[in-house]
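Below you'll find a set of structures to go through.
What follows is chain A paired twice: with chain B in the first complex and chain C in the second.
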Partner chain A sequence: MSSTFLNKELPIILIFVTGVIMIVSYFVSAPEIYLDPLAGNLSQAASLIAAYATILGIVTLAIIHVNHIIKRTKGQWYYSIIVLALALLMIVVGFIGELGTHPYFIWLYQYPLIALDTTIYSLLAFYIVSAAFRAFKVRSVEALILVVSGIFVMLMNAPVGAAIWSGFPVIGNWVMTVPNTSGFRGFIIGAAIGAIAIGLRVLLGKEKGVLGRS
Partner chain B sequence: MDIGGKMQLIAGRIFGAVFLLISFLIIYIYMTKAVKGSVPKIRKMAGLEAIPESIGRAAETGRPVHYTPGTAGFSGATAGFAAQTFAGLSVLTYVSRLTAKYKVPLYVTLAYGEHIPLVESILRESYTFEGRPEAVATETKVLYFPIATSNAPYASGVLGLFERVKPASNIMIGPFYFEALAIAEQGFIEGAMQIAGTAMTYQIPFFVVACDYTLIGEEIFAAGAVVSQDKPLLGSIAGQDIIKIITILMLLGGFILQNLGIDFLSILKF
Partner chain C sequence: MSTLEKVEKIDRRIVYLVLIIVVAAVLLRPIGLPIPISSSTKKYYDAINSLPPGSVVALGVDFDAGALPELGPMLEATLKQLFASDKKFVIFSLWGGGPAVSTIYLNKLKGLIESSGKKYGEDYVLLPYIAGGETAAAALAKDFKNTVKNDYYGTPVDQIPLLKNLNTAKDFALLITITAGTPGVEEYLRQWVSPFGIKFIVGALGVSAPNYMPYYTSGQIYGMIQGLRGAAEYELLVGSPSIAVSSMDALSAGHIVTIVFILLGNAVFLLRKYSRKEVKS
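Take a look at the complex of A and B:
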């Protein structure tokens, strides 16, 4: 087989065949001709490929950090040691006994990892404040509408809003259910049609980025 | 509904199947028309127009460009947003050609391992196209910050990177979750010119606030076509517009029929 066929045509054929099977299986039920199990198997195959790709990613990550340590990259190499040591620790402890059930592994997962996750997530509060400070500067009519709407929605959600004036929850609710919902729906319809178009372009092999081409 | 042989259309999805087939057909017709020479004129998108400017700025300041195609994988819980990742990868082809041309360092950060081979391949092809294949190793870095229990490891990885390399340009096109605001705000703090795009409804307001330019919803799906100026891809955007017109007519028709007491919704649920 020529390299052109293997590198260019075969991936497009595979994408087209698997894509069509997945789309048809969503709309059509045909257990007697094994369409449903075939679609299920293809879906599982995608998960398996993704799992292997994760291993590839971890190897890439390890290579990058080992290089940082070897080269003593300024401001980086000691963090690389921490990353590699902790990754190794999680992997080793995860394999002790039954996979991922050892008390040490559960402790590492529940206390340091979840706590770190939550810490990063909670940083959002500060980012939201700084972003809101910029967003709520009234420089145009649109910005004024945004600020007024925001005030009503905030006072709708805060119990003190209804205590100040019973109209705040009513107007806030109207803002959320009428202009906000209609805007959202228009947005979702447009995005869904865009996704259909890109889906067809991918199926036909016209979307170069999907095939790793420039 | 029996459609012959041993196949049955699943009840409740028949209208969807018909609509999808019609949509595919319309888009295909317009792609074919474009190939034959009837290329539609696409309006300019400020976000895309700003990409060369932001990379030029990076070249002037000697600082790098950061790019990410979003934080959704091709399988599992986030696979439903893969179309947005495809859109992000399409724009990466354009961005990487520009960074190759202007000799600007490019950092591509990824949250899923399956994106790595695609991104590396795009970078190789772009730099080869610009006649500098050797620069891939020295001027580009593909960094993988794997997602674990949440997107926090990816977010913290990118925040750390921003602190260290201080990018002059931050381009984020694809699906994003909470990390959208964290990264965009950090980019703002570092003084980067920021161009973002997503079809994730809850993240768009954050991008609008924190970034200089935002591609909203369907614009990201059109972006790849616009930057490539590929005729069939441009044709597909015209096809999209026809489907939009049909959808608007259906909305209006449904509104009128429903108010006249005719159950239009039952057709959609067919």
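Take a look at the complex of A and C:
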């Protein structure tokens, strides 16, 4: 078989056949022609491939950090040692007993990991308040509408809003269910139409990036 | 530098300090503001209560450590409601950290589980992480027990009584997802709700809830807990006020500080703008 067939045409044929099977099985149930079990098996195969991709991601991450350590990348190499050491610790402890169920693994997840992860996320609150003070300036009518509706939604969300005035939750709820919903609905429909267009291009082999070519 | 300029260019550390002081103050001396219950949270609660006895619920724990402060209380209250009810449920996850998070809360509720009389394998099951995002959701919906070979503890699925008759999404009475993003709501809508017509309720982050409002207003999502405020409402409905309820005063304080700074920033901006206009004229 020529390399062009293996590199270009065979992947496109596979993409097209599996794509059509999955699309048809979504709308049509036909167990008598083995369509439903085939679609189920393809879904499970995709799930397995994703699991292997996770392993590939870990290996890639390890290679990047090992390179930093070997090259002594300035300002980075000691953090790479920490990343690799902690990742190795979690992997080794995770393999004790049944995968990821040992009390030591749960302890490592519950106490250091959750505490550090939530601390990083909680920093966002400070940046948001600082950014709101500096950047949320009413320079136009649109900005004024944005600020006013944002304040009403914030006061709808916090119990203090209803305590100050009963109208805050009512207006905030209206903002969420009418203008917000209509805006997001338009965005979702537009994104879905775009996804269909991209999907068709991928199925027909017109989307070059999918095959990994530059 | 004029006073207005000094206020406009205030050191951001002062802003951070004001936020810390105000939030800490209300945490140390709670105010106890009333928490009205929203209709979306009530519908989430009622969706579980209204199921016939013995119904099987699919509970997707689709978040990990970062979202735990906001979604953890929702999960805890959902588990409390399920364990106190006559429903059975299967916990699974499309996120890597989901099973660990589920284990943390199941360990936390050990006393409640023992007093409920519910048995693992017959009344509830914990499945491992299923990789693949939307393809995993599709695989679970089409062929549930063949998508995972063992439960989280390594027991083969054909040895677990609860999973015996669960073949597709149709065999579940209700789908719940408590999710921090993708994979989550949209994936379940496309692979579980639209093809199989299953009732769907969602626990979502406060920042994500506006994205899901189109699905909630159209009825595709039956009930929704929106952020930490929704979690507090749900804890009150379940009759077990906990960390979400106790966080509400801090939430109120944080929002008030943000609004005050927005108004202050705009007041300074407008005053400087008009004072520059006066100088020019």
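By definition in this document, the second predicted complex is superposed on the first by the 198 of 214 C-alpha atoms of A that agree within 3 Å, B and C clash if a C-alpha of one lies under 4 Å from a C-alpha of the other, contacts with A are read in each partner's own complex, and residues count from 1 in each chain.
Basically, contacts are C-beta pairs under 8 Å (C-beta built on N, C-alpha and C of every residue); 3 or more make two chains touch, one makes a residue touch a chain.
In this text, all values refer to a predicted model and were calculated from it rather than measured experimentally.
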Applying the document's definition of touch, where does A:Gly194 land relative to chain B and chain C: first, second, both, or neither? first
Of the partners chain B and chain C, which touch A:Ala30 in the superposed model: first, second, both, neither? first
Should A:Leu14 be classified as contacting the first partner (chain B), the second (chain C), both, or neither? neither
One more residue to check, A:Leu99. First (chain B), second (chain C), both or neither? second
For A:Val210 in the superposed arrangement: first (chain B), second (chain C), both or neither? first
Does the superposition put A:Val160 against chain B (first), chain C (second), both, or neither? second
Is A:Thr181 contacted by the first partner chain B, the second partner chain C, both or neither? second
Touched partner set for A:Lys137, first chain B, second chain C, both or neither: second
Contacts for A:Tyr121 in the overlay, against chain B (first) and chain C (second): which applies, first, second, both or neither? both
What is the shared patch of chain A, the residues that chain B and chain C both contact? 26, 43, 46-47, 49-50, 53-54, 109, 113-114, 117-118, 120-121, 128, 130, 132, 134, 184, 188
Listed in rising order, chain A residues that touch chain B in their complex are 23, 26-30, 32-33, 35, 43, 46-47, 49-50, 53-58, 60-61, 64, 75-76, 79, 109, 113-114, 116-121, 123-124, 127-128, 130-132, 134-135, 184, 187-191, 193-202, 204, 206-214
Note which residues of chain A are touching chain C in the complex, please. 26, 36-37, 39-40, 43-44, 46-51, 53-54, 98-101, 105-106, 109-110, 113-114, 117-118, 120-122, 125-126, 128-130, 132-134, 136-138, 147, 150-151, 154-155, 157-163, 169, 173, 176-177, 180-181, 184-185, 188
Within the complex, which stretch of chain C touches chain A? 10, 12, 15-16, 19, 33-36, 38, 64-69, 96-97, 99-100, 103-104, 107, 128, 130-133, 135-136, 138-139, 142-143, 146-147, 152-154, 195, 206, 209-211, 213-214, 217, 226-227, 229, 248-249, 251-259, 261-262, 264-266, 269-270
So in the complex, which bits of chain B are touching chain A? 3, 5-10, 13-14, 16-17, 20, 23-24, 27-28, 31, 73-76, 79, 83-84, 86-93, 96-97, 110, 112-114, 116-122, 125-126, 129, 142-144, 146, 148-150, 152-153, 155-156, 160, 164, 178, 181-182, 184-186, 199, 201, 204, 206, 208-210, 216-218, 220-222, 224-225, 228, 230, 232-233, 236-237, 239-240, 243-244, 247
